[in-house]
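A, B, C and D are the chain letters, set down in written order, and residue numbers restart from 1 in every chain.
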């Protein structure tokens, strides 16, 4: 029951999806789209597990006073704030009591965390959380300059949601990405040593391509540029094609093993 | 740029610098940026899933109100009850005792994905690449044209070299045959081809990565100009001294932290 | 630890520091680094440079804001060269967001023509650019293949009015321009598949001289057309734009970017070389040590 | 009752009249009388159901006009026209009205701007109260669904109550075009299957007013197929490969001794776990940025299972930060089972596998921080990686960890090779679980993969030779063999 049913399900649905690929008819297409929606919906429901895991691991770090534990409050407050922004939006131009509400809501969260990590004073923290929650509820009831929207996507357009996206997520993502400029340099310095034939070929190919726009090699420079073009379009293409074919066979073999129940490692059973 | 936008941009500049401080070492500023972004990104993604996934897939347009309602579903697409239940079976993971039930939706998920992959990857990766290899060679221009004929990528020789490279590299990937003798020799040519390709690809990427850093420099430069009202041809009508105050605050933070680290480093050297 | 071992085991933070310093200094400083010019870019420059004053060039602007960083510098360099040399320019846009790009380019370049400037040792006086005399912007229409084909008959068929709503016949420069036969060449600057249509439906059918400027990633796929002579020149990405800016002696955004790129690349190469020198010297020493 | 009937019919009439009012944009421009300029018409027009599809599409083929590329060279394009019954033309306007009624009866409705399209609809319904609006909405819904059901019948009524509409354009020089509709009944592009369509193709000069129509062809019906012949080669490949796998697995089960060549990256995994135990530092296992529907991630699960089992035996600490909730759930199951199988269920902790965040660089920021704080002895990266590959691997090198990577993402392999100690290239990732398990069954499937590779190499060489000979000697049979391997989507 615990082991067999999953294997049977994988086999059944896997085989069906293989056959489906060759049937263009509308009915087969309909089932394909429906089954694809299954995976999407399962993924969405799983998000609750993810958020719970994030919450629990962060609280656990605070409780056990792991290195850098204090910063985990930032994570949880950031998570909670962003989700509240995503579900709320202003009705007009005025902010009303929105920000006091956000402060009270986040205080509630922090107090609940404190209550779950503390050894004593649990009552005190829970009491404060209750008061903050009451403040939140009062504001929700009496302030109509903003409101909650769960069914419609107003939250995605709300000013604060967008501000957080544009000024927190985007700059950090772009900066993390640009760290690659430095890491590519340090990796090249550290690893590009002509230790053996393979390393030398790697190094030479990289050097030629990196020198492709350099005019300081006299009559050799145009050769450099053409050679780098050739390297990109001949050996690189051959390498890519071979890897693509090999990977394709590897993917198909792995997927077939999964469908036929030969490989059950994904269920922890080898 | 009005003042509140400038404040936001200043915060973005702070986060940018905090992220770069990671290049030196793990430090409080990087920890701030890291922990904020983890939480906010998780919240952002959850909200996206809710509004763009859950609501349109399950919560069918309330305006189209069907006859009955259950679990957010209405009668227009009752069969969506199945994935909704499967999704909720995932939640059995919250319980230690019934955790094993969550294997069913996971098995479905993996079964469907594996089934889709088999013919699709066979077609896209194997069949199409194989067919591309079967092209007729450019015999009319076999040894290349022009001054740089040896590097002519459209010549028949280059096309032939691609095929040879593909075959050799595929031979390198054989698992059940020892790389010895002639077979080993061909496999060696294969791994050389792979290494040349990887080197070229590495060298080619450097430029794109440097561009990313240039973009960030431009962002910081633009923010600095904004602080001194020096950007663009039209001066900012909302400009006030507060812009500069925030610029200097951030600058002070950077200089202060740098000085602190240098002093710490020098002291640790002495002892 | 001697110097060579140090060279091998330098803390990566020195690499980071050097890279930041090099990038910031070269970004802020104002100097020029020559770029290697490839014949396929030089061909375009020479073609435009040798045209007699009064000749007309068509420059289709077929890119979106997404590929602006790579392609805008090309447009700026070529159009400025054309106008300085008193050539007439016909702009068109076959990509949905391209008219905005073209409009911005026209305004910016018109502004920069208002001052006296020296290119390759020749001084050009300031000049006022007039719509209908120096350029004509046809605007955007969907279905690129069909538009390119009908422009081969007459520009007035797909575009009876220009982008600003003026009939083509009332524009002085368009009086002598009926179709591609009246143009010196077409230089398509494109981040979309409009390039394919220009090659197969435009050049393939009407046989006018065609050159293209494309994004870095799609350069390779158009090289075969250069080999077969269907296009007489090709500029690829930032690198191609920088080469053109250098030829035109008109450094702009691409050369600014290339300055930082060049310094950063050279720095990385220098570090690789240093690392290898350290590696070989210490290996030779280790061998000698063994012998003793 | 009578009043109700009257009101309903009035509404239907009104909506129809709106529909008619909008029709003027759809008519064909009149053909001018100056026949001397007219291009020659296309000939041999054939309309057929598009093959290998789900229906809802018709393919047209013709001989180009004599004035296309030859003769007067005046043809600039071809316009394809389909005869469309009035009923079909009316549906979009009915839908607009329904949309208006839905908004009007819903929350937060505000009157449209004067002079807009919605405003013209609004004027008709302005004075009605909510109950009447509701009633009209329902009747209109029924009218629309009835109209969609009546479409095949309306098409059969050709040439009564309908007109020609342009459905596709093709540039000069082309001899084929497709009229592709959708299967979605509630979109304007809906094309009903099993309905009689009639087509004609106009040769159009650069002046759209000067054109010549072809003969009308029809009736032709669209319908879906049950097998995609364009994918025949794929089905053969999948079948042969599946049989090969089953054969070699059975072969291995019967106890054949199968050789596999050594692979450095795999052997390093065992040493790395031992090293971590000696140093008393954890092992970091990164499943990559793939979701659980990518096979690279599934392969990574099986490797994780083997690593976790050994880790449990050595009683070392394992850290698995997950990028996606489903990946997290599956990985938890894998690790838990591994600990049970190793006989150490008490050492299992639910937080070995934990969720970080689902956005690329936020995930990298968190994992990088984790590396510098936990200082793992070994980092294992297996699965799908994108730009973050080098960010992770370089930070891992700073932390002094031994690093083993494996990915099938071609663009990232160079960075792993440069920054990691061992790298599994492409296909090796998929072989790794078989290597680690050393079970004959799994090694059998490696043998199948090798045979398939040999087959691909043989086919590539033979195909290359055939296609070149086909060109050189004009052998049509050779090119048809090569064409068999083409996949048409």
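Rule of thumb we're sticking to: a contact is a pair of C-beta atoms (placed from the backbone, for glycine too) under 8 Å apart; a residue touches a chain by one contact, two chains touch by 3 or more.
Remember, predicted model here, so these are calculated numbers, not experimental data.
Across the two candidate interfaces, A-B and B-C, the one carrying more C-beta contacts is A-B. Rounded to whole angstrom, the centroid-to-centroid distance between chain A and chain B, based on C-alpha atoms, equals 9 Å.
Averaging Cα coordinates per chain places chain B and chain C 28 Å apart.
Averaged C-alpha coordinates put the centre of chain B at 20 Å from the centre of chain D.
In whole angstrom, the spacing between the mean C-alpha positions of chain A and chain C is 36. In chain D, the residues that touch at least two other chains are 231, 234-235, 238, 241, 293, 295, 298, 326, 329-330, 333, 355-359, 361-362, 365, 369, 373, 394, 413, 415, 417-418, 425-427, 431, 449, 453, 456.
Residues of chain C found to touch two or more other chains are 12, 16, 23, 220, 223, 239, 261, 264-265, 268. Within chain B, contacts with two or more other chains are made by residues 19, 22-23, 31, 33-34, 37-42, 44-45, 90, 93, 103, 106, 109-110, 112-114, 116-119, 121-122, 126, 130, 133, 152-153, 163, 166-167, 170, 173, 194, 198-199, 201-202, 205-206, 210, 213. Interchain contacts join each chain to each other chain, per the touch definition above.
For chain B in complex with chain D, the touching residues are 19, 22, 25-26, 30-31, 33-34, 37-42, 44-45, 63-64, 90, 93, 102-103, 106, 109-110, 112-114, 116-119, 121-123, 126-128, 130-131, 133-137, 139, 163, 166-167, 170-171, 173-179, 194, 198-199, 201-202, 205.
The part of chain A that touches chain C in the complex is made up of residues 181-182, 184-186, 188-190, 192-195, 203, 207, 210-215, 221-222, 224-225, 229, 232-233. Taken together, the chain D residues at the contact with chain B in this complex read 102, 106, 231, 233-235, 237-238, 241, 258-261, 263, 292-295, 298, 326, 329-330, 332-333, 355-359, 361-363, 365-366, 368-369, 372-373, 411, 413-415, 417-418, 425-428, 431, 443, 446-447, 449-450, 453, 456-457, 459-461, 463-464, 466-468, 470-472, 482, 485-487. Only residues 23-24, 141, 145, 152-154, 206-207, 210-211, 213-214, 217, 221 of chain B touch chain C when the two sit together in their complex. Chain contact summary for the complex, chain C toward chain A: residues 10, 12, 15-16, 19-20, 23, 34-39, 220, 223, 239, 242, 258, 261-262, 264-269, 271-272, 274-276, 279-280.
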